[in-house]
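Letters are used for the chains, namely A, B and C, taken in the order the chains are written, and counting of residues starts over at 1 for each.
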Amino acid sequence: MSLSLLELAHLTGGEIRGDDTIILTGIAAPNKAIMGEMCFITDPKRIPELADSKASVAVLPEKLANHFKGTILLHENPYYVYAKASQFFSPYPNALRKIHPSAMIDSSATLGNNLSIAANVVIGAEVVIGDHCVIGANTVIDDHCQLGEHCILRSHVVLHTGTQMGMNGRIHSGAIIGDDGFGFAPHNKKWERIEQLGSVWMGDNVDIGTNTTIDRAALGVTHIGHGVKIDNQVQIGHGVHIGDNTVIAACTAIAGGTLLGEGCKIGGACGISGHITLANRVTVMGMTRVIRSLKTEGEVYMSGTGISKVSVWRRNAIRFSQLNDMSRTLKDLQKRLIQLVNDKDKD
Amino acid sequence: MSLSLLELAHLTGGEIRGDDTIILTGIAAPNKAIMGEMCFITDPKRIPELADSKASVAVLPEKLANHFKGTILLHENPYYVYAKASQFFSPYPNALRKIHPSAMIDSSATLGNNLSIAANVVIGAEVVIGDHCVIGANTVIDDHCQLGEHCILRSHVVLHTGTQMGMNGRIHSGAIIGDDGFGFAPHNKKWERIEQLGSVWMGDNVDIGTNTTIDRAALGVTHIGHGVKIDNQVQIGHGVHIGDNTVIAACTAIAGGTLLGEGCKIGGACGISGHITLANRVTVMGMTRVIRSLKTEGEVYMSGTGISKVSVWRRNAIRFSQLNDMSRTLKDLQKRLIQLVNDKDKD
Amino acid sequence: MSLSLLELAHLTGGEIRGDDTIILTGIAAPNKAIMGEMCFITDPKRIPELADSKASVAVLPEKLANHFKGTILLHENPYYVYAKASQFFSPYPNALRKIHPSAMIDSSATLGNNLSIAANVVIGAEVVIGDHCVIGANTVIDDHCQLGEHCILRSHVVLHTGTQMGMNGRIHSGAIIGDDGFGFAPHNKKWERIEQLGSVWMGDNVDIGTNTTIDRAALGVTHIGHGVKIDNQVQIGHGVHIGDNTVIAACTAIAGGTLLGEGCKIGGACGISGHITLANRVTVMGMTRVIRSLKTEGEVYMSGTGISKVSVWRRNAIRFSQLNDMSRTLKDLQKRLIQLVNDKDKD
């Protein structure tokens, strides 16, 4: 796999300063790159590595250009250039375009052109799969699902009945989309199962991480907007609505019926209650518990405490459990002190 | 799929006020229902939607009956009526009753009548499967497992050796039941593996969510009581005992050897320590860390802090790390103030 | 399955006090053991059970030897003896040594001797599998993976392209090793996918829990050291480095680029930020948020609060949100009190 520097410059709007005939053979950190490879800098601490880098090309913003002696691809966002370049070195687009004989595909399914369908894939009735999709081994696509063009489903994915997916999506191994939401009605001290009759809808350019689970709605749809990026082991409850281009880091759980705005950034291992609303472009720091709606657009939210040595933590945690008493003592002291001062003034 | 209103009334003990010949064709929210469909209200904020609803039937308690002009199914628990009705509109009971030719079933397995076994299912030696069970694609049932009647296992489920499951259970995709617990003995600064020789036992009417994991016991059984409902991505450690009709929301982790009582409600994303006991009907709020036994029946427990803007949070979190010092300062001030007052009284 | 007491004593360096001809037929708790079985004590609360135990052998340290009347295997670490004994009663080493006809193995793969490969296993191009490995049903091993000798992969495991695994490893069902890390570059308010071009390397004696996910590095490798033990539903981000013999309990998430030292103990449900460093032998208590490097070797760390009844919690949590104000009030009072005392002294 290779990529001409000229093509990368053209694609990203970058400017070449140096040898524009270079063919890139890979990408690496400045201190690990070998001849033929491209490096880039996003962390300023790594700037000193540029001086001795063996990379053939460095992608740099103008202000760092004097740190590297070889050919430079000038761009104000090297990280974006790296992303674009990485796509030429990925093995996935080159998947073998064939349908494995062990795949079991219902005769009523509609298959696009140029598909790659791996061993043991199971495709149900009335499924529609767009052109250029790649389906990994042992993946199951239930009845009535629809996939747009250029989708990649890794091995061991499950799409349950009626799941809809736009173009250019990617779903990683072990993700389960459209299985039942968690719904039970209390009755005589037991739990009566509520069948989940809705489905899951995903827009274009959606990424879903490994072992992530997205439940079908009880009624209606669970909505995953265009450009949404979801990391591994995330849980999305039934009827959740996620706005376009929102990103969610690993292990976060979002309970049923909650609405996230567009362009939100949700940290890892958060817990977000059901039936609340997060405004557009809200950021939630990692491991935060969100128990109420967050209404201020663009604001950053957090909960919990800092970390400390356990001996220190224990003393402070005990005081946390006495906080209300401390507060009352404090107010009482304040009152008495004012009284004392007043008395003194009268004297 | 359809359901006569008369049958639903009969099944739930509800009373029809209006046209008792209606055949229901679906369920929807009041503002989305079309003719033929049933709606219901659980959230009082949605009462105004009833006035203009196109639903043919609304399920309502007596006190709300005057808000809807069409036919009413009177019931004190509309949510329960909804649950019952939903079961008539689910596609699952109608699964094709056949055994797919690609399923690999050991000749020593005992299969009940009226089974549905999908593609690529693997069933091991001495397995017993009750009548009317539905097994989804690519599911693996290891040697010596037993399933009661009317169980549904979705696609991509794994039951490890010796797992026992009562009647009418449902296990969702990606759930792994009975794999090894996490046991290692320290020895010479390394970890010696403890083979897990026990198994998992589940009662009747148990639901297990997507990608949930339940470990086999080291010795003896991990016990999941009758009517227990477990949501997605929950982790149950080896030797845990969960009492009947307890519900556990998504992403909660319960460490080994812990005992939960009956009728408990455990919120999402909780962490529950090993070898502790929770009394019957205890409620634990979401994202709570349970590091000690909770002994008061019916009590509600919580840990952590509220959520705030990150600038506010940061200031308060720093104070948390100084809490013990604050408390000592407060006590010191209190003492000195009392001293001052006493001195003044003496004057 | 059985094990002679003499062999167990020889293997563990224990001393037999009593009948050294006993053949052990199983392991159980003191109060549940039957004749022929071995019991042991790790929890002092269970010592009284020894008196009436029907076990044929008890594994005890010298100081407890007088509590049991039958044959004793004296050892200062009974838990280690139990671990060793458990390995003789496990069914896994006895897996049928055959390759199931439904397994799809690429002709370019190199297979060792004495393998067990179950139904529907998919093995890709240029894969190398060492002698004595056991591969469970429906497991997928992508191109260019390498497994050392004596590895066990349970059913429904996925190893993505280029994953390397040392000797004597065990990966449990649903674990996904080497799928893409979560990398996107912001561009025009959307997210540009960064293809993950690295891989995952695991040393010898590594255990990976059920439904755990380990991402391939963006560039280079994600490193899992020798003897590392990882529980269920753990998430390891791209480029993480875990030192030898570190253990990680269930449901913990470690973000990309973080470095854990050797011999660390990480509790369950922790969240560990990206690009930080934990020193050797650091312990992190369960459900702790680690947002900074932990640099003190052997230290124990914790965050969060204790648990209380919700009514108590609510009052204290409100005070937490006022902590900074409380602190300022306290300092103000302190100042004024000192002032008062000074004034008084002057009088």
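What we mean here is this: a contact is a pair of C-beta atoms (placed from the backbone, for glycine too) under 8 Å apart; a residue touches a chain by one contact, two chains touch by 3 or more.
Treat the numbers as computed from the prediction; the structure is a model and nothing was measured.
> Given that chain B and chain C are copies and touch, would you call their interface same or different according to whether over half of its residue numbers are shared?
Interface between chain B and chain C is built from largely different residues.
> Could you say what rotation angle superposes chain A on its sequence twin chain B, using C-alpha positions and rounding to the nearest 5°?
Rotating chain A by 120 degrees superposes it on chain B.
> If you average the CA atoms of chain B and of chain C, how far apart do the two points sit, in angstrom?
From the centre of chain B to the centre of chain C is 25 Å.
> In chain C, which residues are in touch with two or more of the other chains?
If we look for residues of chain C contacting two or more partner chains, we find 120, 138, 156, 174, 211, 233, 251, 269, 304-306, 308, 318, 320, 322-323, 326, 330, 333, 337, 340.
> Enumerate the contact residues on chain A facing chain C in the complex.
26-29, 32, 77, 79-80, 82-84, 86-87, 89-92, 100, 102, 118-120, 136-138, 154-156, 170, 172-174, 205, 207, 209-211, 227, 229, 231-233, 245, 247, 249-251, 263, 268-269, 286-287, 304-311, 313-314, 317-318, 320-324, 326-327, 330, 333-334, 337, 340-341, 344
> Quick check: in the complex, which residue numbers of chain B touch chain C?
Per the stated touch rule, the residues are 104, 120, 122, 138, 140, 142, 156, 158, 160-161, 174, 176, 179-180, 182-187, 189-197, 211, 213, 215, 218-220, 233, 235, 237, 251, 253, 255, 269, 271, 273, 285, 288-292, 294, 296, 299-306, 308, 312, 315-316, 318-320, 322-323, 326, 329-330, 333, 336-337, 340, 343.
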